[in-house]
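So that you can tell them apart, the chains are marked A, B and C in the order they are listed, and the count of residues begins at 1 in each.
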Amino acid sequence: MGDQIIQSILDGLVSGSIYGLMAIGFTLVFGIMHVINLAHGELYMLGAFTTFIMVGVYQINFFVAILAAMLIVGGLGFLIERYIFRPLRNTAMLNTLLASIGLSIFISNLVLKIAGTGMRSIPTPFSDKSFTIIGATISTHRLMVLLLTALLVAVLFWVIKFTKFGRSLRATSQDQDASALMGVNINLTYGLVFAISAGMAAMAGGLIGSLYVVDPTMGLGPGLKAFIIVILGGMGSVVGAIVGAFVMGYAETFTSLFWAASYQDLVGYILLILVLLLKPNGLFGGAKR
Amino acid sequence: MLKIENLQVHYDKVQVIHDVSLEVNEGEIVTLIGSNGAGKTTLLRTISGIKRASGGSITFMGEPIHQMTSHKIVEMGIGHVPEGRHVFPDMSVYENLQMGAFRRKDSQAAIKKDLEHIFDLFPRLKERSQQMAGTMSGGEQQMLAIGRAIMAKPKLFLFDEPSLGIAPIIVAEIFKMIKKMNEEGSTILLVEQNANAALKISDRAYILETGKIGLEGQSSDLLNDDRVRKIYLGF
Amino acid sequence: MNNNRMKIGTIIAVLVVLSVLPFLLDSYLIHILNQIGIWVILTASLNLMVGYTGQLSFAHVGLFAVGAYTSAILTTSAGFSFWTSFPIAAIVAGVLGFIIGLPVLRFKTHFFAIVTLGFGEIIRLTIYNWRDLTGGPNGIYNIPFPTNILGLDFALREHFYYLILISAVLVVLFVKLLIGSRTGKAMIAIRENENFALFVGINTWKVKIFAFTLSAALAGFAGSLYASYNSYISPYSFTVSESVSILLMVIIGGMGTIIGPILGTTFLIFLPELLRSVSEWRMVIYGGLLVLTIMFMRDGILGLIKSFVRKKKHHSEKNLLSTGKEEAAIAGSERN
């Protein structure tokens, strides 16, 4: 049993970091632009497909493919922000929520129609070697996912805290008008934030798609989970998103261990409701804007 | 330097600025006085590009700016100190000042030098340079907002009600600072409810009432005008 | 005055036509109309929350399911007749709505949406896992048709049609009366600007709970009709996908109006029939339609029709989606 628990702890770490990638992108967009993008899961799915096409069809190097997927989906994100979310910017929040739902349905079904329901896998360059840490094993692939995610998050933190661009992001999220008066190009900033968020989702898609399978509906579950995690952790809080991601990851892993795998989805919702009842703005949520 | 002609501004269907014309020449302090809701803040927001005008024109240094985006207008050299300060609450004093220099293209060293200059002007800000701006008092935030605007090295300053909600002693300090900035060459458009103080330090004045210009002239003349004295100076 | 007479005249004409349709159309079309009727009740219930109170709820499919299962269980295992079951189903759903609403209604837009989604899913997963009560993934079979009354044999679609028609008409009428009342005006005021509504003295809490409970009961009623009509229900009919479909129907038709959801439901249920050849693209079209609707025709199909009529007549028609301030003032001045 002890071994199983340690294994679960390691598995939860991997789960949590993957959820974290999704959740951070989601919360960035909400925190800075006050947009809830329920099509986030579809950007993740598109990242997986793009990676699949590059590696599987064009035989491009795995890491390069993921990078390319990030750029391509990021670019798509920029366009989505420009043509769908920008026109809705000063209207009720309900509108962007609904538009993103429509987008989610559109994209996932479009890909379903074009690509069919078959599942695909992405060939990876990782060896079959596994590492053993304190009695638990982790494959090279999963270890790589963990490290890449940690790297990305670290870079993101550094950018937000120490660069001029990061300052403009924080300023814009705190006071859009004042930021504009400082000369910040609000339209460009929002477009870039969305693109970054999309890029992160795409990276998550490429990494997870290569761990499991790639199919058109793979974004629906994670998209919803990202939403739940972000509300759990506090909308707009990057720290909250990370903490929420690990809480979710571990709740699911341990539910699977002690109860049954089929209850994993249920646990997420129950956790959400419990947390919201105690802390209506989520674990790290600040005052309502 | 700044010329506004027949400006019209709407919020949805409601017109808030009716046919306003005014100008600010280089080196002047011009003040715009009016009571609450007269449209003063709307006017400034339209100049800096946050609000779009529905008619008329705004020209700055010969260039029409009424169709420009706000970040271009800042680049052209207009610095707006907004009503209510609007400092970035979860950023430090230092970072707020850095944001002021956002659009500048000169070297890091030059920007740092200007930062030090701001700290000389406002020693209280230097003490609190790492403090979160949201935790400071109204007067301190106002100094920060002014310092932040100075960091951008604008050609024209727009001040929106700098005295609002600030203790009288600090208000006097702030007005002294504004006068000093003008003496050192800055051009200023000052919007104020506190007509007395504003008229005392400015060269010319306009009176804005429900979106229209009521009176205009030399500030010294308006100070002695009976109508102005009764309505705005409380005599 | 003329306008009103024309409206009432049109409505009566429509009702007359609807009443004779079973004699004119074939069985399959009647079947589609029956489904539209049931969904009209369901979308009317969601419209109360989304269109009128401005709260995006994803729990309604769950309440629909609760109504369906309550009715199904009562009529199969407990031997009750439909006529006693449907009020019980509506009440059970209403009570459940009330219980869920109490903690959840204090949340704002997106929180409310996700938490109601959570509850909707919890309901579905509970139904799925509680095999003894609900039959689990197998569902419930052989749900009896309502016992015959007034010479109608409900095993016949054409006869069931009248039950559905009358139910739908009554529900729509009820909603219309509700919207016209003080409470209804309060709901609109909350949708437009909740803070302002509070300011004017409306007890927004009470109004929201009332709206939610009522819409839950209506959804439950629709559920019991659904169960008795289809004779078979399973948890697969009550997923997030259905939640989204109902939402689509409300929005595309034109939310916040009485007729809007009816149009939307008709349109979205007929569409796959009309576009048989492109039925595989159905969901793609729905998604795209939702985005386009939000961006360009926020008042839905009804809005399109109205602006078309307006242009033709050069009239300034009274805007159904008013600023709400009038409603708030009226509702608030006569303290609820």
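Criterion: a contact is a pair of C-beta atoms (placed from the backbone, for glycine too) under 8 Å apart; a residue touches a chain by one contact, two chains touch by 3 or more.
Please read all numbers here as calculations on a predicted model, not as lab measurements.
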Field: Chain nearest the global centroid, as defined over all protein CA atoms shown
entry: A
- prompt: Based on the averaged CA atom positions, which chain is farthest from chain C?
  reply: B
Query: Distance from the CA centroid of chain B to that of chain C, rounded to the nearest Å?
result: 53
Chain A and chain C: spacing of chain centres that average the CA atoms, whole Å: 34
Statement: Expressed in whole Å, how far the mean CA point of chain A lies from that of chain B is 42
Query: How about chain B: which of its residues touch chain A in the complex?
result: 48-50, 69-71, 74-75, 79-80, 82, 86-91, 95, 98-100, 102-103, 148, 152
Message: For a test of understanding, state which residues of chain A touch chain B in their complex under the given definition.
response: 164, 167-168, 170-171, 174-175, 177-187
Message: Taking the touch rule as given, give the residues of chain A at its contact with chain C in the complex, in rising order.
response: 36, 84, 87-88, 93-95, 97-99, 101-110, 112-113, 224, 227-228, 231, 235, 262, 265-266, 269-270, 272-273, 276-277, 280, 288
- request: Name, in rising order, each residue of chain C that touches chain A in their complex.
  value: 54, 56, 103, 106-111, 113-115, 117-119, 121-122, 125, 129, 240, 244, 247, 251, 280-281, 283-284, 286-295, 298
